[in-house]
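Here chain A shows up in two complexes: once beside chain B, once beside chain C.
Then we have the complex of A and B:
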C-alpha cells in the first residue's frame, strides 16, 4: 500500500507533466502539417524539424524541470501537512518509504519520457503526413532519461533538505541554472563536454542543425552508467539524511 | 517488577532543540496491563517523548525501550511499532484519501486488525466512508484516527492528547474505548492536560514538567498517601529541613506553611510540631491539586 500512497501523493504532478508533454507533442505534430517545411529552410528534413521542436537543448531544459518536480514530495512535505507522525508510526522503515517514493517517481518519469517516444513515430503519418523512425525516438528518449534520472534524484534530495514545499520547488527550478553556471565558470564545455546535460540529452548534435539530426552512433553507455551511479548516490544520500531526521 | 512487564522504559532520555532542552534525563517506566496517564502542561515535553519512543524523533542522548525493543535501533523500533497503535496529537491522516481508503491503507500494515471492531467503530463514530479526509471536521478526523488505532488489538496503545477536538459525548465514548482496550489486554499510555480524564480512567500517572519527570505514582497511592498539610506557627515560621523524598512542595504565606506531602505524613506532622508549629491540618489532595502544585512550583 505504500505504492498507492506514493502514487496518490505524486499523481497530480505526474498528470500535469503528462498533460503538458502530450499537448506539446500534439501541437508540434499538428503544426508540422502546415509549418513544415518552414519557408526559410525548404529542404529541412522532418527528423531535424522534430529534433528542433522536441529534442533540442532548450527542450531538454524543460524536461529537466519536469524530472526535478517529479522528485519532490516525501516526509518533509508530510511534515508540513501534519501527516509525518502517522506515516512514521507505521511499521515500515524510512528506507522503504524513500525507496517506494523513488521507484514510483522513476516509473512516472519513464512514463513521461515514453510520450514522445510513442507519439511522434505513431502520429507523424496521421497528423503531419510524415514519417519518423521509432528507433530514433527510443534513442533520444534514452538520452533524455540518462540525465533525467539525475535531475529526478536531485529533486528527491532537495525534497528532504528543505522543509517548505515551495523552498524545495524553488531549489529544483534553480538547480539546472546553478549547474550550468558552475559548468560555464569551470569551462566545462572545453574540459568535460560530456558533462553538459542538455548537449548530451540532445544527442550532442546541436552544432549541426542543418543535418538530419538522426543518431547514428551508439549511445554513450559509459557516460550513462556514470549518470546512473550519480543518481543512485544522490538517492543514497537522501536515504541517509532521512534516516537521521527527527520529525 | 520483572523487566518484561515494562512496555515503555527510558533511561536518561534527552532531547535538545538547540539551546532548548525539551526532554531532560527522563527515566520513565510504564507497565503492561495498565492505563497510564502522561500529564503535563503544553510544551512540557510529552509529545517529544512519545515521538522518541516511536522512532519519529531521535533522542539527543539516553536510551529507551518500547515493548522491549531498543528505540535507537531502527529495525527493532519498526518491529515494536507492529504491536503499537498510535494516535498523534493533531490526528492528521492523508487528506487526499477517503475514509474508506484510509482504513484500507492502514489495515494493510497490521496482522492484528479486527474487522468486527472496525465495523463497530465505523457505525459508532458515524464516519462517512466515501468522504475525503480533507472534508472531515476536526472531530471526525479525531474519530477516524481513533478508529485506526482501536480497530486492532495492540500490545500498547499510545495516544497524544486523544480527546482534543472531541465533544463531551465523544470524549465519554473515547474513555470507555480506552478502558475496554485495557480490559482486553492492551497497555494504554495517553498524554493529556485534562486532569479529569486522567483521574477517571488512569491507574497510574506520570507527570512531566519542563522535560523532567516530576511525578510517577499510581492514582491509588496519590489518593492514599498524598496530603496537604497546613502548618500554623505563632511567629515567623522557622527554617525546617523537610525530607525531599517526602515533600512535593513547601510554600510559606505569613505564619502559615503549606506543604504537599507525598508520604510519611505522620512523621512530617511530628516534625512540624517539633519545629514549633501551633497547628497542623491534614487534608486529602486531588490530582488537580498535585498537578497545579507541581506546575506552580516550577513557574
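Then we have the complex of A and C:
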C-alpha cells in the first residue's frame, strides 16, 4: 500500500517526464531522417549527432531537473497540506515511508533513463535509417544515472528540510546552479575536473571519446562509486532527519 | 493587501533566485581578474567573455527557470494546503486574486533582469575592465520581455494542472521543450522566433559576433509577438481560473 501511495504522489511528475523525453527522442529520430547530416557538418557521424541531441551537457541539465523533481514530496509536504496525521497514523515507521518513497522515485528515475537507452538503438534503423550501438546508450545512461541519483537524493533531502512546497522546490531547482557556482569559484574546472557533473554525464571523463562521441574507455567506476556513496549518505541523512521530526 | 499576499507567497523563491544570480554575476566577474583572457583565446574581447558566461550561460538558464517558478502558486496550491476557502471568502473575484499575483511575479522577474545590469558593469569596473551599461541595459530589456513568456507559462501551469509538483515539472520542462523544438525541428532555421535566442541574441544579426554586444536594432517584432503570446497565455489562465468551481 505504501508503494501505491508513493506512486500516486509522484506519478504525474513521472508521466510528464516520460511523455516529454519520449516525444523528444522521437522528434530527434524523425528529424534525423531528413536533416542528418546537417548541411553545416556534412561529415558528422550519426553517433555524434545522437550525442549532441541526447547526451550533451545541456541535456544533462534537463535530466538533473527531472531527477530533482522526482525526489520531492513526503511528510513535510503532507504536513503543509494537513494530511500528515493520517499518514503517520498508519502502522509503519517514518523510515519505511522514506524508504518506500526513495525506492519508487529511483525506479521512476531509472524508467526515464531507459527511454533513450531503448528507443535510440531500436528506432534509429527504422526512423533515421542509421544505426546506433546499444552498448553506447547503456554507457551514457549509466553516466546520466550516476549523477542522477545524487540529484534525486538532494531533492529528497530538501523535501524533508523545508515545509513549504515551493521552498523545497526552489532549493531543489537551484541546487545544480549553486553547485556549479561554487565549483566555478573554487576553480574546480582546473583542480577537480571529475567533479563537474554535466561534463561527466556527457562522457567528458573519457579521454579518447573522439569526434564520433563514442565512449571507448571503461566507465569511471571509482567516481561512480563515490557518487553512489554520496547519494546514500544524503538518503541516510534524510532518513535520520525524518525519524527525529516531532510532528 | 492582495499584492502583499502575493509577495509573501513568492518572496522565498524571488530572494533565493536573486541571491544566487547576484553571487554568480559577482564571482564570474571577479574570476575574470584571474582567468581572462582565456589561454586558448588570448584575443577574446572582455564583452564576449561576459556574454558567454552570463548572458548565454548560467545566468540565462537560472533566469529562465526561475521566471517560470515565480509564476507558480495561487488558488490551486492553496486548495492543496486547505487554505483556499479562506482566500475565496475575501470579497474579491478570482480574477482579482490572479492579477496581483501575475503583477508581483512580473515585477520580481523584472528585478532579476536588473541584477546583471547593476552587478556586471560595477564589478567589471572594480577589476579594471569596462562593460558598457547601455548594452547591459539592452540585454536586460531582452531578458525582461522574453521573461514575460516564462512567467505566463508558469501561471498557466499553476492553474491548468492540479498538484504543485506537476505544475512545477511542467514549468521546468517548458523551456527544455522550447529549446528542443528550436534545435531539433524545422524551427532551427528561424532563431528569431525562439525566446531563448532572442533573449541574448544568439544566432541573430543584432549581436556583434566579435564583441558579443547587442549593437544592431533589437528584434521588436519578435519581442512584440512574445508579449502577445504572454497575454494569450494569461488570458487562457484567467478563463480557466474563472471556471474553477471549488
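We adopt the following convention: the second predicted complex is superposed on the first by the 241 of 247 C-alpha atoms of A that agree within 3 Å, B and C clash if a C-alpha of one lies under 4 Å from a C-alpha of the other, contacts with A are read in each partner's own complex, and residues count from 1 in each chain.
The definition used in the following text is that contacts are C-beta pairs under 8 Å (C-beta built on N, C-alpha and C of every residue); 3 or more make two chains touch, one makes a residue touch a chain.
Predicted, not measured: the structure shown is a model, and the values here were computed from it.
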Checklist entry - Taking the superposition as given, does A:169 touch the first partner, chain B, the second, chain C, both, or neither? => result second
Checklist entry - Once the shared chain is lined up, is A:73 touching chain B (first), chain C (second), both, or neither of them? => result second
Checklist entry - In the superposed arrangement, does A:31 touch chain B (first), chain C (second), both or neither? => result second
Item to check | Residue contacts on chain A - larger count, chain B or chain C | outcome: C
Next on the checklist: Going by the contact rule set out at the top, does A:180 touch chain B (first), chain C (second), both, or neither?
Outcome noted: second
Checklist entry - Can A:82 be said to touch chain B (first), chain C (second), both, or neither? => result both
Checklist entry - Which partner does A:92 reach: the first (chain B), the second (chain C), both, or neither? => result first
Next on the checklist: On the A-aligned overlay, A:5 touches which partner chain: chain B = first, chain C = second, or both, or neither?
Outcome noted: first
Item to check | Which superposed partner A:161 touches (first chain B, second chain C, both, neither) | outcome: neither
Item to check | Touching both chain B and chain C, residues of chain A | outcome: 81-82
Checklist entry - Which bits of chain C are touching chain A when the two form their complex? => result 9-10, 12-13, 16-17, 20, 23-24, 27-28, 31, 35, 58, 61-62, 65-66, 69, 72-73, 77, 80-82, 161, 163-166, 168-170, 172-173, 176-177, 179-181, 183-185
Item to check | Footprint of chain B on chain A - complex, ascending | outcome: 1, 4-5, 8-9, 81-86, 88-94, 243-244, 246-247
Checklist outcome for this item: In the complex, chain A touches chain C at residues 10, 12-13, 16-17, 20, 24, 27-28, 31, 53, 58, 61-62, 65-66, 69, 72-73, 80-82, 164-167, 169-171, 173-174, 177-178, 180-181, 184-185, 187
Next on the checklist: Quick check on the complex: what are the chain B residues that touch chain A?
Outcome noted: 51, 54-58, 74-75, 78-79, 81-82, 84, 86, 88-90, 92-97, 104-106, 108-110, 145
